[in-house]
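What follows is a pair of complexes built around chain A, which joins chain B in one and chain C in the other.
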Partner chain A sequence: MKTLFSSYRVWAYLAFAIVILALPLIGDEFWLNRVAKYLCYGMLGAAVALTWGYAGILNLGQGLFFGIGAYAMAMSLKLKSYTSMQQGSETPVPDFMLWNAEPGAPTDLCCITPGSWLWIPFQSQWVGLIVAVVLPAVFAYIMGRIIFGQRISGVFVSIITLALVLLTRLIVTDAQPLTNGFNGLTDLGWFTVFGVELDPYSKVTYMVVAVALIIVLALTRLLVATRAGTILQATRDSDTRALYLGYDVPAYQSFFFAVSAGISGLAGMLYVIVAEFASPSFLELSFSVTMVVWAAVGGRGSILGACIGAILINMLEARVSETESLVEAWKLIIGFVFVIVVIYLPKGLSGLAHDLMSKLQSAPKLSPVQKEEAHQ
Partner chain B sequence: MFDVLFIGLSLSSILLLVALGLAVTYGAMGIINMAHGEMVMLGAYVSVLANIWLGANLLVAIPIAFVVTALIGLVIERLVVRRLYGRLLDTLLATWGIAIILQQAIRLEFGLSFFGIHVKGLGSGLQNVPVPQALQGTVSILGQDLNAYRIFIVAMTLVLAVATWAVMYRTSLGMKVRAIIRNPGMAAACGIDVKRTNAITFALGSGLAGVAGVLMAGFKTVAPDMGATMVVDGFMVVVTGGVGSLFGTIAASGLLGEFNALVAMVSNDIIGRAAVFAVVICVILIKPAGLFTFKGR
Partner chain C sequence: MSAVALELDGLAVDFSGFRAVDGVSMAVAHGELRVLLGANGAGKTTLMDLISGKTKSTEGRVYVHGRDVTNQREHKIARAGVGRKFQIPSVFSGLTVRQNLEVAQSGQPGVFANLKMRLDTEAQERLDETLDLIGLTEEAETEAGVLSHGQTQWLELGMLMIQNASVILLDEPTAGMTAGETAKTAEIINRLKGKHTLLVVEHDMAFVRDIAERITVLHLGKVLAEGNVAFIENHPDVKAAYLGKQGIS
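And now, the complex of A and B:
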């Protein structure tokens, strides 16, 4: 029974992997581009489930890490864009910097606008890639060390993360000469791997995203099954008790917080490769809460469940949004679904599936005594 | 300098208007009501509708809005919030869902727009409410010309704050609420009907938000998404001031509003708002319980 029980989860992961790898067989490039975006959202859902479901930390600022990842990659790709080579200088300079430059400023990344030197390392796409994953993780780790070190928990963590993401959004919008403000970064170039350009509308790019998602899901699932993952769940259920048992609670919490942030950064980075833009809308509160909705509907207690929840909701939304009059009604439906899920299905769809599976498996395994009891 | 302080005062009063209701519901019930901003929005729409359909001006709309939003609050408490006591983070999520529902209800004109029926004053467009004649123009205080309506808002905020204080500290309901803040289990053991009191508290907080909405309709364009950012501001104030402390909420709104105005004066509005967020983060990090808290046992 024990082996059966654990195997259906393995099967679920395998089935999911096979399905998303098989999609290029049935869809065209435009549809695949869309699905690739949803896979990035799925990765985000998994990141939310990791902190919320396994660590009990409701991060209302997950968009911050997604945004850092997205902007880091977008800066690199912006410098690779043909528009950046048309500004009359030897090295690439983003077009919007020229529009924001003081008259007479040299057309060079070093000093065209205040702070534009920050862009210099991003001339290499690999710097963009590494920064997109490492910066969110490092930032989250430091943040976690401070927050959890002060033994701040529950809703206060949510409010701090929420304030942080809104604070960052304001700064990004205000720093127009550096980030193009409200408009975000558009007209991006393509990421190149070993001489192959990742055209967003190609099967290759889709496969890159799909494989990345599968690897992330597998590693995250293995990570939470380790001893550290078990201790993390202990801190979720009672952090005082875990502390008195001698575990360094803030260290575990910060570590998983950082992992989740790194995954979100990776998701943001891949999203930019697929969607070809980065904008401050990633840093809006509604986006961060929407991620939590995905995870809640899919099941906060399951990495795969939250991921599938994110993908399904977005697919549904895209389908519904094709009908003009239903766009507003869809939001209404999402509102209702959310209230109902929170009240009646706190474990989400994966919780439902889990209950179903354990019922199916336990039904024929009743001992004779139990069978008699069932008959009475 | 005086004009900057006045801008700060008027920012503070708006913060306090939103935060008062939240201080009551969050402090007493531990409910994070993300739909609070939408209650403000509904209050604003009540004044729009009262103006169009009844010809009533802003002042008349205040009591109507209080009753309407309090009733809606009561319904929300019965249907959703009541099932989630003790699940703090879940109330946050469920009320976020309610917030979306309320916004869409106004946008879709309660679903009537599907049938081609349009109600004047509802829908996704922007609405305006005229300010009564007596409150237009400027008033000269200490040689400064100040906007009369802003002064009216500051005065009304003070009145509401005093009224809330009186309810909390001078009535039997307030005594019950304060008992529940300290220890709900013990309050119930002493014979206080916690469920009933919580329902009334939630309605009261929603009603306060409705009144705030009417006052805001006088100087802001009314739109379905106007409440979305307010709830965040409100929470910052309540948390900074200290949960369950009415005085803390008032003091925090004053501090944050003035700070916003001062930073905005030396830089710009965006940085001013950003600075407020930074202060709130620092306060939570240094004093997680808030600036002004009662000593718990």
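And now, the complex of A and C:
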């Protein structure tokens, strides 16, 4: 325990937890709602760091998993929306389905539009919650088994993931009667836990997101500290060497890829609870690339670093977008920041912090030569 | 000698008409150190690729302790007890020396078996012993990427030791080393002998004399001769094919 707390990293995690838990003391509900969204992005940043930093897998389609999580939860909350109960049937039916239904189709989830039966299980919000986390993880695991099993690596993985997220976006926008297409899912109800409705503009909802983020960060950090985490980093440095040590490298890559996807799904799910919509924009390429920028700026070698990177950039963006002259320039600014970080801070902000801390810690310890010099 | 640890039976590979390894049969006894000699292109590295599963053979079988591992996937062959060191040293550059050795202790290779924080005490002791043996105790917490060439090679040897591979394939373990480093490497390899079975590709004849018991000479993918150092050095075919008409300098 003593060694545990002697590491500044543990203190960094504790400090972060305390700060985000204390925010409700200083901000109003409107501001907290916005911060809660950033915390979801922070979770997403941590998920990117897990695959990119620790496994060396640059996923340019992380938005796919976020999107699946978001849509799964949004489907459940859409069915809880008051609008879904006003379509003239006993059971909830989303309003847009009625607009998209063939004339004469029965107003029921079973068959109002082609494939609408897929919505039936989502009448339970818990199904939405479980699907949001499990489906991305299972999907990522199968994807990983296929991609990594074929010994595909590096930029080719990025291209495949990129193509997959765009393909999914195409399917989602195309399946208008099932997904409300470009419009996404809006007018959502609230998630209910033990009779308490999670009003997005409440301190309770903020705390749920904050606590979820803290738990995810802690568990992920513990996970990469296990032997399996070390082995994963070994496969990043040399996958052949790891193979010749007897490790089934694709199994390790797929496992962590799935964990990262599950975290992204959870982030998407929480985002929907806070933001009250799911949209195909989650599946746009620019969103997935932005996540990579968050992780790069925060430091992909650090779970917490990437998380903080995501939060800081989004706070900055919100601040900038309030200044009219900077709105148009924002993309330019973030691009510039990215270039600067890649050139001068390849390990991101967390790498900078790490270097500073090790300088501070090693400062009192002088080498024998320095000691001699000090004496003279 | 005791039981056979590694047996090759008519092993061959055909790269669309070119037979890089052409019907090699040999048996290496348990605890033996066997040196593979041969000119460039004789098929030494390809033979190691075939044994370790990097390249799939087209004919013949490979047995490790009597178990057929022919053309299995690399990690399966590794689990059967074959460890390999490549010509170009490859360690996990982003991990510390200690972590490299931790990863090399691959007794339980499954993902879920490794979801734990620490090694048990016995494994920890073995790790410290190995660090001592390869002379990298001081560098234990150093990132492997910043080690010198010689240190990297020793770390890799240490990884093979701790992996506890019964059959170790070494591809030019002294390539690019200084005389002092070569001597230390010979010392490490001599310690491995007996406990592990070693198959070593090496060009440095002085080093070969230091470590070798038996030598197998490959030429154009086939076994040209097999015997002890003196026998090989005086073998007329070997002289002609590899060592040159003048003999060994």
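Criterion: the second predicted complex is superposed on the first by the 361 of 376 C-alpha atoms of A that agree within 3 Å, B and C clash if a C-alpha of one lies under 4 Å from a C-alpha of the other, contacts with A are read in each partner's own complex, and residues count from 1 in each chain.
One rule holds in what follows: a residue touches a chain if its C-beta (ideal position, glycine included) is under 8 Å from a C-beta of that chain, and two chains touch if they have at least 3 such contacts.
Quick caveat, the model's predicted, so the values are computed rather than measured.
Using the contact criterion defined above for the overlaid structures, shared-chain residue A:V339 touches chain B, although it does not reach chain C. By the touch criterion stated above, A:A234 is placed in contact with chain C alone, chain B being left untouched. Shared-chain residue A:G246: touches chain C; no touch with chain B.
Once chain A of one complex is fitted onto chain A of the other, the partner contacts of A:T226 are limited to chain C, with no touch recorded for chain B. Put simply, more of the residues of chain A are touched by B, taking chain B and chain C as the two choices.
Overlap of the chain B and chain C interfaces on chain A comprises no residues.
For chain A in complex with chain B, the residues that touch the partner chain are 58, 146-147, 150, 152, 154-156, 158-160, 162-164, 166-167, 170-171, 173-174, 285-286, 289, 292-293, 296, 325, 328-329, 331-332, 334-339, 342-343, 346. Residues 52, 54, 74-75, 78-79, 83-84, 86, 90-95, 99-100, 102-104, 106, 109-112, 114-117, 119, 159, 163 of chain C are the ones that touch chain A when the two sit in their complex. Across the complex, chain C is touched by residues 222-223, 225-228, 230-231, 233-234, 236-238, 240-249, 251-252, 255 of chain A.
Put simply, chain B touches chain A in their complex at residues 32, 80, 83-84, 87-90, 92-94, 96-101, 103-105, 107-108, 114, 124, 228-229, 232, 235-236, 239, 268, 270-271, 273-274, 277-278, 280-281, 284-285, 288.
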